[in-house]
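Each of the two complexes below includes subunit A, the first together with subunit B, the second together with subunit C.
On to the complex of A and B.
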């Protein structure tokens, strides 16, 4: 589904190389986790895949079901099925959460040539999905993420993901800033979306998120490359021994 | 003190182009105002209060020509149930206006008041304008009092069932209109005043509003989209005890628009909110000049101004909160912000606080900035196309000002106009 080949990326503003040849394939129905020390390029990878400005791809490719992601605008990638759950969800004063969700859902439907959802249809769906994430009516009415706690923001990300039903979900440190209960709730939301047609790329520092969202494959990223891949046991190894053993072994 | 020669000459030239209408019972007020004009002189480009806005074309003897805009859509509030008072190029049009009888209010034409010896409006006409001349001079308001050719006096004694809408129409490319309205809101009375439409090629409008204890006045105005408009407007408002004044102005395009609001909170526990949303795309200038004086205890004032500017548009904000000695427990808030959609636009702001009481809360803030790139990416990453996302963020930026309109249906009308403006630019 998601195919990344030899991806090299540097910052636009300064001559700093961040990704130095990433190769990664995420199949439909699979959950891949990426772990790695700070500064290894994990978040950059998520931004480059979703189309954020400020990065320059100097080499390589990234495709979703054969479509060249790197040629698309962020909104086109979203319509094609890419979703990024932000590490730091953005506050947007003046835009109601509900309006935002409905605009996003209908914009994607329109881009795919589907009929837009009516207000009533939309409301029905959003209420059901919000309920399972313990998002109350007040949170839906408030401006997007404004005054939300860390946990509320992350739950709101998962609600957007549930509403948009993307093919490829990228979760960038979704566990950061979450207490144990919130992490459980968020994980349940993610697990509810797991199905044969959907791929996941879960970026995290810690193994504990992977207790809740069980990965099929774990990758270790260091200095802009994937240096090791394995099963869930790789995450446990990191948890116990840190990254140094693995990095030493690779070098 | 003698006026500088240039100012003297400009003032004399302008006055020579005007004829005072038969003043009737407003005679003393008009003559007093004329004396003030002569003493102050009309504004010039070296005046501090006109530092950011060139007054030349507002002062010149002849109004610069201005094309009549066919907006291709009805005016704002056309679908609202209201009482319309229509002025065409500054002249009251009885044929186009509604019947002026409405329960809870008495509406008289200025001309009819002038021919009477006794009328309540006589006590108000020019009075608040005169009070508003200190500590800052507003010569164009005095000029208005002296030479206004039309206008109405509205006496609000109850709670009329619908808003009163001043509908301005522009039909002549050289019209130079001077209108003066006076409104007295009695105790416990409440009214909504709407103003819409391009008024004239050059428009000088003054409104004096006197709100008695517990009275309420809502004012919602939409200026635009006449691109070649030159307008200077003054609203002088005096508030009694526990009274409320809420004013919102939408300003769209226009070569030059200066809106002055002079508010005096004279009774305890009074509330005054003055807000504005401006959108300018091109060689346009919007100037909001606000002066709020707290003279009583426990009053609240808010100034909320938001401007979206691009393609060389200029936004000006001069806002002042003056808290006089003894005006304890004052709650004053002032925010002026601009969203600059490109590098050619500019925002010039002068927020001022002057406080002589020691138990007050006053805050002010002023910012200029571009669209928040992070928010823009967030919206786009959810599938919202670039233009739609930009428009969403622009409307969101203006929301704090629009939210000052209490009536949600009227606020929706304003939002629809803003959406239209944005859509035409997409």
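On to the complex of A and C.
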């Protein structure tokens, strides 16, 4: 589904190389986790895949079901099925959460040539999905992420993911700033979305998230490359021994 | 636009033509209506003033009133203190009176109405029945109306071309008609109130308006009456080189209530057009008036060519105790805006509110705000101003809060937020605060922010295109003001926000 080949990326503003040849394939129905020390390029990978400004791809390719992602605008990638759960969800004052969700859902439907959802249909769906994430009516009315706690913000990201039903979900450190209960809720939300047609790329520092969201494949990223891949046991190894052993072994 | 960008432009076609074609469609109301018009000669002098008065079949006292205003005007200078720049206006190179010829004889049915006039109303979104009434079709009032009722007075260039629902309003004692009709039919009311809120000598543009105003709307709500429907005026400047000087007078007698909506559009012209209106509102004891404006005059093209110069004096006088007035304005059009809807809080415990969204894009300039003059005890005012600048536009909030010695225990709260899109525009805030007693409280909060790239990326990652994302963020920024608008206006305003900012990013 998602195929990344020899991806090289540097910052637009300064001559700094961040990704130095990333190869990664995520198949439909699979959960891939990427772990790695700070500054290894994990978040950059998520931004480059979703089309954020400020990065220059100097080499390589990234495709979703054969479509060249790097040629597309961010909203086209979204309509094609890329979803990024942000590490730091952005506040939009004055825009109700519900309005935001509905605008997003209908924008994607329109881009795909589907009819817009009526207000009544939308409301029914959103209420059901919000309930399972323990998002109440008040939180749906409040402005997007404004005054939300860390846990609320992340739950809100997962609600958006559930509403948009993307093909490829990228979770950028979704566990950061979450307590145990919130992590459980968020993970349940993610697990409910796992199905044969959907791929996941879960970026995290810690193994604990992977206790809840069981990965099929774990990759270790360091200095802009994937240096080691393996099964879930690789995450446990990191948990016990840190990154230094693996990095020493690779070097 | 896109189609033309890709098409090879033939040699010999000058850039101006290409640009003109490109522009089409960027301003929704930019069509002009080719209707036979009757004009007075260009320029302004006592004869023109007399002619306008005569065309409106006015009594002698009105003609004299106008002439004295003209006399004063010749001794006045244009104000220069606003942060707006424009080439000098040649006041003698304007038409001061234009009206559609079809007004001369009343049509019997829609078939006899100039189809172009009807097409104009249709484009303005006025329902068919209203169109018939506005076009002056006899008996149209008796046809049942569809949907929700809004009484409409349409002012086309210099004249009011028709007012709807007059009979139904009359049952409640409400008078809603053109001001020219009011001068003839209700001279006692006009004499009593006209010029008492905005005196003839008030300012350069108001004085000019007093001399040459051609038409406008008149509203009187009798004591204790809650006006049964929203009242609305559509202003449209159609004729070329024609100034529009309308005059609106609203009187809310004791304990009454009215909500009044004003909409404005104008065709696309490369020459700037002048608009200098005066609105006076009188609010008696326990009465309440809401006045909402969606101003969408042609803003000029992206190089600053053409557009409306909008110099407007709007003022409400809260004469009675516990009277209340609320101004809400959405200013998206005009090349130059000079406008300060104000409240004189004379009655004890009277309240004034001002909610404003001013959007400037490309080369637009706006200097707008309000004056809250607290004279009575325990008076309250609230100002919420949202200024949005994009392109190379300049947007200034200018506001006065004045607490007079007798305005004991009065309060004002001002919130003034500016939003910048891009790095070539400007936002300015110029608050004037005068407090002459020691029991009043004035609060002023101001913020300036930029549309954040992170916000736009977040929206786009969720599937919205860039313009949709900007519109969403800006509508969020304006929410406090949009909420103050009547429902149907709020929808229109939200869309206008999106349209006015098209092409402002990227």
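We adopt the following convention: the second predicted complex is superposed on the first by the 251 of 251 C-alpha atoms of A that agree within 3 Å, B and C clash if a C-alpha of one lies under 4 Å from a C-alpha of the other, contacts with A are read in each partner's own complex, and residues count from 1 in each chain.
The criterion applied here is as follows: contacts are C-beta pairs under 8 Å (C-beta built on N, C-alpha and C of every residue); 3 or more make two chains touch, one makes a residue touch a chain.
The structure displayed is predicted, hence computed values, not measured ones.
In the overlay built on the shared chain, the residue A:4 is in contact with neither subunit B nor subunit C.
After overlaying the two complexes on the shared chain, residue contacts for A:52 are found with subunit B and with subunit C alike. Of the two partner chains, subunit B and subunit C are each touched by A:74. With both structures placed on the common chain, the touch criterion links A:238 to neither subunit B nor subunit C.
Using the contact criterion defined above for the overlaid structures, shared-chain residue A:160 touches subunit B and also reaches subunit C. Judged by the document's definition of touching, subunit A residues 50-53, 73-75, 77-79, 83-84, 86, 89-95, 100, 103-105, 107-108, 111, 143, 160, 164 lie at the interface with subunit B and also at the interface with subunit C.
Those residues of subunit B whose C-beta lies close enough to touch subunit A in the complex are 373-375, 377-386, 388-389, 392-393, 395-400.
Of all the residues in subunit A, the ones that touch subunit B in their complex are 50-53, 73-75, 77-79, 83-84, 86, 89-95, 100, 103-105, 107-108, 111, 143, 160, 164.
Against subunit A, the residues of subunit C that register as touching in their complex are 452-455, 457-466, 468, 472-473, 475-480.
In the complex of the two chains, the subunit A residues touching subunit C come out as 50-53, 73-75, 77-79, 82-84, 86, 89-95, 99-100, 103-105, 107-108, 111, 143, 160, 164.
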